[in-house]
Amino acid sequence: MITYALKRLAIAVPTLLLLIVISFLLMHSAPGGPFTSERELPPEVLANLNAKYGLDQPLWRQIATYVWSIVSDFDFGPSFVYKDRSVNEIIAQGFPITLTYGLLSFAVAVVVGVSLGVAAAIRHNSALDYIAVGVSIGAQVLPNFVMAPILVLVFTLWLGWLPGGGWQGPEYWIMPVIALSTSFMASIARITRSSMLEVLTSNHIRTARAKGLPERRVILRHALKPAMLPVISYLGPAFVAMITGSVVVDIYFSTGGIGKAFVDSALNRDYAVMMGVTILIGALTIFFNLMVDLLYGWIDPKIRY
Amino acid sequence: MKMFKTLATSALALSFALQAQAADVPDDVTLAEDQTYTFWLLDAIKSMDPQINTDVEGSDVLRNLFEGLYNENGNGELVPGVALDHEVSEDGKTYTFNLREDAKWSSGEPVTAQDFVYAWRRLANPATASEYAWYMELMQVENASAVVAGEMEPDQLGVTAVDEHTLEVRITNPLPYFPQMLVHASTFPVPQSVIEANGDDWTDVGTLVGNGAYTLTTHQLGERVVMDKNDTYWDSENTVIEQLTALTINDVNQALTRYLAGELDRVDIPAGQYPRLKEEYPDQAVSTPYNCSYIYMLNVGEKGPEALKDVRVRKALAYAIDRDIIVDRILQGGQRGAYNWTHWAIADFERPELDWADDMDQAQRVERAKELMAEAGYGPDNPLDLTLQYNTSEDHKKIAIAASQMLKQINVNVTLDNYEWKIHTDRMQNQDFDMARYAWCGDYNEASTYLDLMTSYSGHNNGEFFNDAYDQVMQDSKTAEDPLPLYQEAETILAEEMPIIPIYHYANVDMISDDIAGLPENNVNNTWYGKDIYRVAE
Amino acid sequence: MVSTTENTIATEALPARGRSPWADARRRFLRNKAAMMGLVILVFVALFAIFGGWAAQWSNEELDYNVMGQVAELGGPSFATGHYFGTDDLGRDLFARTVQGTQISLAVGVVGAFIACIVGTLYGATAGYVGGRTDGIMMRVVDIFMAVPYMFVLILLLVMYGRSITILFAGIGLISWMEMARIVRGQTLSLKGREFVEAARATGVAAPIIILRHIVPNLLGVIAVYATLLVPLMILTESFISFLGLGIQEPLTSLGALISEGAGTIAYGTTWQLGFPLLFFCLTLFGFFFVGDGLRDALDPKDR
């Protein structure tokens, strides 16, 4: 399994390279550049700007220089728009924020989602089941950009319990985590329930029950593990979707995370920031998918790598 | 637009307000215990470097961290900043500024004329690659163009430190509003030793050294900026507000909610909400004229559609749009419908009599528009197809939708084309549009800032309206004793040729906490300083 | 694992008894109340999308000048004005716009999910079944695609080529097949070790037939559940794109665009602008969820 993991990590390098090249080309073929502004810049100023940021070089050389400075110095270059900051600084500031509320949301989504799903499956067709299904469906269909302003309206304006945005301490984390985790929690609950139901009717559980094992033991020891397989498969895409959701969180709760930086960089043509964030998210996704795969293999040893 | 709101130079008349003070607190006012002020930023601050910053929100912050030669008061008049006063030479081309001796950097060092020389050279220096380098050219500082182009060394720039506290500036042409241009953030002094020691990182918290009334204590990108009162500031004794906080909130509705929850002292009011808020909070909702005009630019150039080369069509388009509906039913924030280009509140400007604005009501205008369209050969059986391009914004979208419906009644089928700002700008600069939403914010409080834009030699005339008579009028106005008649003539030409469809003149529509005083009330560029503000005890 | 043999026998014994598994499934589906309710909801939403326009008294782009500017006071839902669902901020009829938004959202969801399911299932099942080097390469390709922050690419595409429905369809559909492929592959891997597959292989059945006959049918439950998760996901993705202001061009609209407009102005007393589009949004998604669950219960041959 270690060889497998190493192999996967080795493949990450060409993946990231490809990602860099694709993003670079896409970005540069979009109309408008980082210095497109309403007052057309005098040619000499534009030339100076282009020279400063290396945009006067042929594209292949720009890519090569870029990759080299990452490899040699782990330097993602200066931001084109936030001019007194480097991409490293922007990520160093924004990423811990995104990571904090992202991990919290992830934990909440998994723990609550799985518990709810298992409970619903065990009491299949009971009131609890219907409530759990109803709640999770309701939660799943409410887009987070609807939930976010409602949360602020209720908890900030009406009740005055929580700050309406910003990132100064744990009380600022609550609404972002609720807004981000709810729909994933609901999805995980549904998947868990559905998969648990399947496992519970499978023969090995019947066998276990027939042996007279206590129900609790049957569920925790025999049913939960196989039932987690589809949930684990879902975690990879959920992770990517969560990054998307962080854009909404950043916009509505002014957290200063990288989700907003990501969208802004595309709209502002801030090539350096957009490349930096893309690579970061790409690398994270690769790492995360690897973890999911390893977890999958650990749970179902029949999978051969 | 946004970018140019910062070119703040207000009243043309160089009248110093009597008091060169910070917060002007009347004697009968009891100050609140909590002297903090929290304001709203739509976006993250792009740069804290005065010579690099390009946008209005950055300038709002910079005016508190740094201080230039002059400041503006609540009426847009100049008041002394680092400069106490100045003398102008006979030919109007040499300015000598006398700097105050008690001005200090937050590090305790004195602010000297040399600091300005350094900053100005830095702005023009190609190595700085400032997007605002052209501001030196706009100010007509001697050799600015050559320095920006890299043909001369930065030390050839026409600015010299005569001694520690005397700054001399040489400009190429007499420029009556030159002192007003010095309010702009890109002319602020910067500390040479700090920049040289720290490079691009000099604006970091803890490193940044300024000469303004506040110092930077926190800057969390896209979250907040906190500035504390600077005790080394020459007038810190009279500075009342202890702490300024700028919160970034990317959503205008969200900002308003948080204002109502008491988290902010000032926010913009979203379109359509002013009447309701005015009724509910009469002391907090305010609307003041703001130095920008909103238009639809028509592409009359070579790449433009044939139909728009016909003045009858252009006029019909302008006539068919009901401005009252746009300002009274969509924006509802005290904006004014526009029938001409220059903002109505511009000092010493008066719109000429225009038949379509003054002698017709909207029904007559629509009638006339239909006739004009028929004359041009368009009718119900032969409708005109045009695209209307706008950049992403809820307000632009609403206005564009309304306009497209209004134009339908004169048999124009409008396709809406919404682009991101960068593409919108790029397409306009490449004449890739039929009609495009455009707005201009005056660089200073004088009509030429608008009217110059439509000359054939202006860099902004994206619709390629080239008219010799117009160019001539504008050139004559530069040397005229009283330029108003010429400005009016220019506006008349615009109304006759209609290369742009005026839509409305902007207003600043804000919610301001009722215990906050000292914000400018009569400043079309809305230039404000934290040191002028104070919070009244309730 | 004695049980799997029984399972195989059961599955293959069914046709012999003259009852196809599909007829069986249909019977089970029809008996499922939640699923039938979901189906009714979906039929209702579809009818609304197709025929709702005829019931509207206003077109979706006409401005009602009587209402405009006083939408909070006069623009509410009313039979008197003919605005059954009220109006938007410009005085446009929200009923007509909701009809139109439902059409677009349904189209985006169904087409997107369809593309994702077909591509994803075939790709994932093939990779999982064939295994070895092919699987390695195929899944690396998926990894590469999945490591691309697709929302970003979609944003770039929409920014570059302007907003077109085609780009939205293709973009959203092609984003999600990777998820599907991974899920299906994961399931295939665990199915592959089962005796009934090994038995089929031992008797010399060709790989494509094993995939289509033995693997895919056993995955249908999962596919159905994920497909129903995908349609809402597509619709949600579209709504996110609309939220960023990159969605369908005006005067066209989608439920996502309407909701995002309505959510922004939620504090201003025009709650119908959020309420009605959100109602249809939720109904659509509920419908797909219930039907999907019903399908799962009905199609899964093990669930008896």
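For reference, chains read A, B and C in written order, and residue numbers begin at 1 within each chain.
One rule holds in what follows: a contact is a pair of C-beta atoms (placed from the backbone, for glycine too) under 8 Å apart; a residue touches a chain by one contact, two chains touch by 3 or more.
In this text, all values refer to a predicted model and were calculated from it rather than measured experimentally.
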| item | value |
| --- | --- |
| Chain of greatest Cα-centre distance to chain C | B |
| Core chain by centroid distance, with centroids computed from Cα atoms only | A |
| Between chain C and chain B, distance of the C-alpha-averaged centres to the nearest whole Å | 47 |
| Centroid spacing, where centroids are CA-atom means, of chain A and chain B in whole angstrom | 39 |
| Euclidean distance of C-alpha centroids - chain A vs chain C, Å | 21 |
| Overlap residues in chain C, where contacts from two or more other chains coincide | 159, 264, 266-267 |
| Sites on chain A at which at least two other chains make contact | 30-31, 149, 153, 157, 267 |
| Contacts with two or more other chains, residues of chain B listed in rising order | 251, 253, 257, 420, 423 |
| Touch list for chain B against partner chain A, complex | 1, 3-4, 43-44, 46-49, 52, 54, 126-127, 129-131, 133-134, 137, 148-150, 200-204, 220-224, 247-251, 253-254, 257-258, 260-261, 263, 420-423, 425-427, 429, 459-460 |
| Residues of chain A that touch chain B when the two form their complex | 30-33, 35-42, 44-45, 48-49, 51-52, 78, 81-86, 90, 93-94, 149, 152-153, 156-157, 160, 163-167, 250-252, 254-256, 260-261, 264, 267-269 |
| Chain C residues within the chain B interface of the complex | 61-63, 65, 68-69, 71-72, 89-90, 92, 159, 162-163, 245-246, 249-251, 261, 264-269 |
| Chain A - residues contacting chain C, complex | 8, 11, 15-16, 18-19, 22-23, 26-27, 29-31, 133, 137-138, 140-143, 145-146, 149-150, 153, 157, 183, 187, 190-191, 194, 197-198, 201-204, 206-207, 229-230, 233-234, 236-237, 240, 243-244, 247-248, 262-263, 266-267, 274, 277-278, 281-283, 285-286, 289, 296, 300, 302-304 |
| Contact footprint of chain C on chain B as seen in their complex | 251, 253, 256-257, 270, 272-273, 276, 325, 328-330, 332, 392, 394, 397-398, 400-402, 404-405, 416-420, 423 |
